[in-house]
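This report concerns only the one structure given below.
Here the chain labels run A, B and C in written order, and each chain numbers its own residues starting at 1.
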Amino acid sequence: MSGAAVLFDAPGPRARRLHRILTAVGVLLALALAWVILDRLIDREQLTAARWDWLLTGTAWTNYLLPGLFDTLRAAAIAIVLSMVLALGLAMARMSEVAPLRWAASIFVEFFRAVPVLIMMLFTFYFLSINQFTPSGLNPLIGVIVGLTAYNSAVLCEVIRNGVASLPSGQREAGLSIGLSPSQVRRSILVPQALTAMMPTLISQVVVITKDSALGYIILYPELVTSARRIGSAEGATLPAYVVVAAIFILVNYGLGKLAEFVESRQRRRNRSAGGVVQAGTATLGAGVVDGGQLMQDAAGRVHTNVGDAASEAAHRRREPRDD
Amino acid sequence: MIDLIEQAQLLPAFFLTIQLALWSAAFALILGTVIAILRLAPVGVLNALGASYVTLVRNTPLTLIVVACSLVLWGQLGIEPASRRLPDGSGNPDFISSLNFRLGVIGLSIYHAAFVCEAIRSGVNTIPLGQAEAARSIGLTFPQSLREVILPQAFRGAITPLGNVLIALVKNTTVVAAIGVFETAYRMRWIAEFRPADLMPGFALVALGFVILTLPLGLLVSHLSQRLAVKR
Amino acid sequence: MSSTSFRVAALAAATALVLSACGGDDDTGAPAGDGGSDSTSDAGAGAGDGEGITIGIKYDQPGLGLMEGSEPSGMDVDVAKAVAEKLGYSEDQITWAESVSAQRETLLETGQVDMIFATYSITDARKEKVQFAGPYFVAGQDLLVAEDSDITGPDDLDGRLLCSVTGSTSAENVKEDVPGVQLQEYASYSECMEQLAGGTIEALTTDDTILAGFAAQDQYAGQFKVVGNPFSEELYGVGLPKESEDCEAINDAINELWEDGSMEQIVEDNLGAAGYTPNADLNPPEAGGHCG
């Protein structure tokens, strides 16, 4: 529901006055808060040039921030690709007619959705360090990737299943009626459509993964937060370094969020013009897209497969904030 | 195994995790609702404030927010949500642990409030325009239509996303290990450092604990959302 | 039809494996210079081929082992260079590798580094897995406090705010010795330094060398002092794989470094700005006795 226009009457004189007062109050409160914080920080000499001048030296960027950003993005990129591939396999297994396969996939998905990413990273890193299966230098990277992939593949698996469940039942029936087996129908008709529809979700999940890669600091993976710590050690400016790194995260993730929105709106336009059946999100529901389109998952991933028509399915599928 | 649970203090750690999750959930719900109201309000400035809060917080890693609570809120702004002295004037032996616990709750609440806000908004978004139009056309005033038509549906629509935020919150409590709260991730690390031979059983126990905490929550959420779903 | 789904799943799983393998390979093969992990993996390839030597150091400890770009600096680094020179390696034959605390034994056992200079204390538990040359230096757990602080040792800590790093033995020690202390644990020393500089926390504890390294930084000039009342002995050794035959040679090299005064010079160069001098009762240590 696109809110204001329908929710509220056009404001009359009294309402307009009230709005003006609220505006003033809002602005004043925001300014007051900012002023108190700035005043305090100036007081504590946090905003002096000496605390920040490292930022202008090239070496802070070439030695710490850029390599940190590179390592953050590298872990995120590898993790999203692996998660996607693994999620496809898991989704196929979870929808399979073979019961043991289904059970195994279900256990995998439920388990790794429950285990915090941080715990998974810690475990993988120390497990590899103790057992020496891999070169030690790679252990932090592997720890981060395993932690991110285990969780996100489980989440994406459920997204794929939801996508398949939200397709009109005619798609499946048509496939069966021309003599395809159920698994053929899934592979060549249902899943490809679900994948197209989940593009925006996938991009949003990249935001989650990028943020979560910051947990790699705990196993000393040299990503951005670790870089900030190293700047803190080398330059004696931990706090400014954290602020800069937070800003980099916000910029990168904001960009990704906007990209997801763009892809989603383009898909919706295309679907409408082609009278397409696949709907990415809650297209029938006005401004269904919560901005940034981050994170979605149906009720803890359980799908209502027996609801037939696309519109009601779409209504059941909500985009919702889910983040770890 | 029992030995490990005791030495690594896993039970107190999980108790702390639950406490962190409950307090943070309560505060995040309040803060998130306030921000959602700001974002739905017909006043441009308030919208912008709510939107910038969500954009800034949601795109920042939780680790940084939690560490900022300790380094900035406590270290720089001098906000100390725990008392150094007991009422009788003697030193508080639990000062640091209760301080870190509360700073952790603040960090978790700030972060998850952004997601609560989006959950509530998405709940409102599930309502077809026709519902509001119909309410207005039969002559309900704005408060009436909000109370009788919009909010009940929005609440039901938001159950799933709110539940998911709660589940995520339970798992995210591990992040406050960064400021020295002795919860499960801290203990997991302790096992890895000081009892490396027990890494496997330690991980199994911690993982099992989180499965026990989150699986019933997930079932409850999906049960509720199916029962309360608005059939359209 | 069931076999088809199995096949699909197997294919997907195989693809995942292949892809993950590719991911791993990429990283090993990536050129050095884009982060710590890569230089370490390069080191793995370089170790033991007879032409150069791979030395593990800390990358994030000012005054001891700090990597800025590709330039390492610090006391451990300088000692490592001097010892390597006496073993016949010139500076450009040295490959530096990061050795974080949790991985030091592993790095040696798997031959990924040839020796480690990284505030590596000689302990019996570690000697079961690796051998130590040295000690080349004796440090001790101490306190870093503000220049005008009245804290003179662990006894003054009761009820005070002390900072240390999660999972470190220093933290565990203090908890045992001074039960009344309020111990704040962070993931790294940089957070502790921030809080100490802001006056929120009153003392930071770990090895006195590490403390001096922080206090010697330009940004903190004149702000902090190392209390100078160490309450433990940390014998810094040179970590070597069990099968290494250089142990005695390194001991000789270390003794020479102390005899000709270059060791004092190294300490002065790296930690002198903090007014730090080695504990005269314990230094110079007699290198030897921890080989094999």
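Operating definition for what follows: a contact is a pair of C-beta atoms (placed from the backbone, for glycine too) under 8 Å apart; a residue touches a chain by one contact, two chains touch by 3 or more.
Owing to the predicted nature of the structure, the values given are computational and were not obtained by experimental measurement.
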- Suppose you hop from chain B to any chain it touches, then on again the same way; how many hops at least until you reach chain C? 1
- Item | Of A-C and A-B, whichever chain pair has more C-beta contact pairs | A-B
- Specify the chain most distant from chain B by Cα centroid. C
- Note on the structure: Per the C-alpha means, the centres of chain A and chain C lie apart by a whole-Å value of 36
- If you average the CA atoms of chain A and of chain B, how far apart do the two points sit, in angstrom? 17
- Item | Of all residues in chain B, the ones touching two or more other chains | 67, 71, 76, 177-178, 189, 192
- Message: Quick check on chain C: which residues sit in contact with 2+ other chains?
- Response: 102, 187, 191, 194, 198
- Give me the residues of chain A that touch two or more other chains. 44, 126, 130, 217-218, 238-239
- chain A contact footprint on chain B (complex, rising order): 40-46, 49, 51, 55-56, 58-64, 67-68, 71-72, 76-78, 114-116, 118-119, 121-122, 124-129, 131-133, 136, 142, 145-146, 150, 157, 160-161, 163-165, 167-168, 171-172, 174-175, 177-178, 184-185, 188-189, 192, 196, 199-200, 203, 206-207, 210-211, 213-215, 217-219, 221-222, 225-226, 229, 231-232
- Per the touch rule, the chain B residues reaching chain C in their complex are 67, 70-71, 74-76, 91, 93, 95-96, 100, 177-180, 186, 189-190, 192-194
- chain C residues touching chain A in their complex are 1-2, 4-6, 8-9, 11-13, 15-16, 19-20, 23-24, 27-28, 34-41, 43-44, 59-62, 66, 68-69, 97-98, 100, 102-103, 106-107, 109-110, 112, 187-191, 193-194, 197-198, 214, 217-220
- Residue ranges of chain A in contact with chain B within the complex: 1-4, 6-9, 11, 19, 22-23, 26-27, 30, 37, 40-41, 44, 46, 110-111, 113-119, 122-123, 126-127, 130, 207, 211-212, 214-215, 217-218, 225, 238-239, 242, 245-246, 249-250, 252-254, 257, 282, 284-292, 294-295, 297-302, 304, 311-312, 315-316, 318-324
- Item | Contacting residues of chain C [partner chain B, same complex] | 102, 159, 161, 166-167, 172, 180, 182-187, 191, 194-195, 198, 200
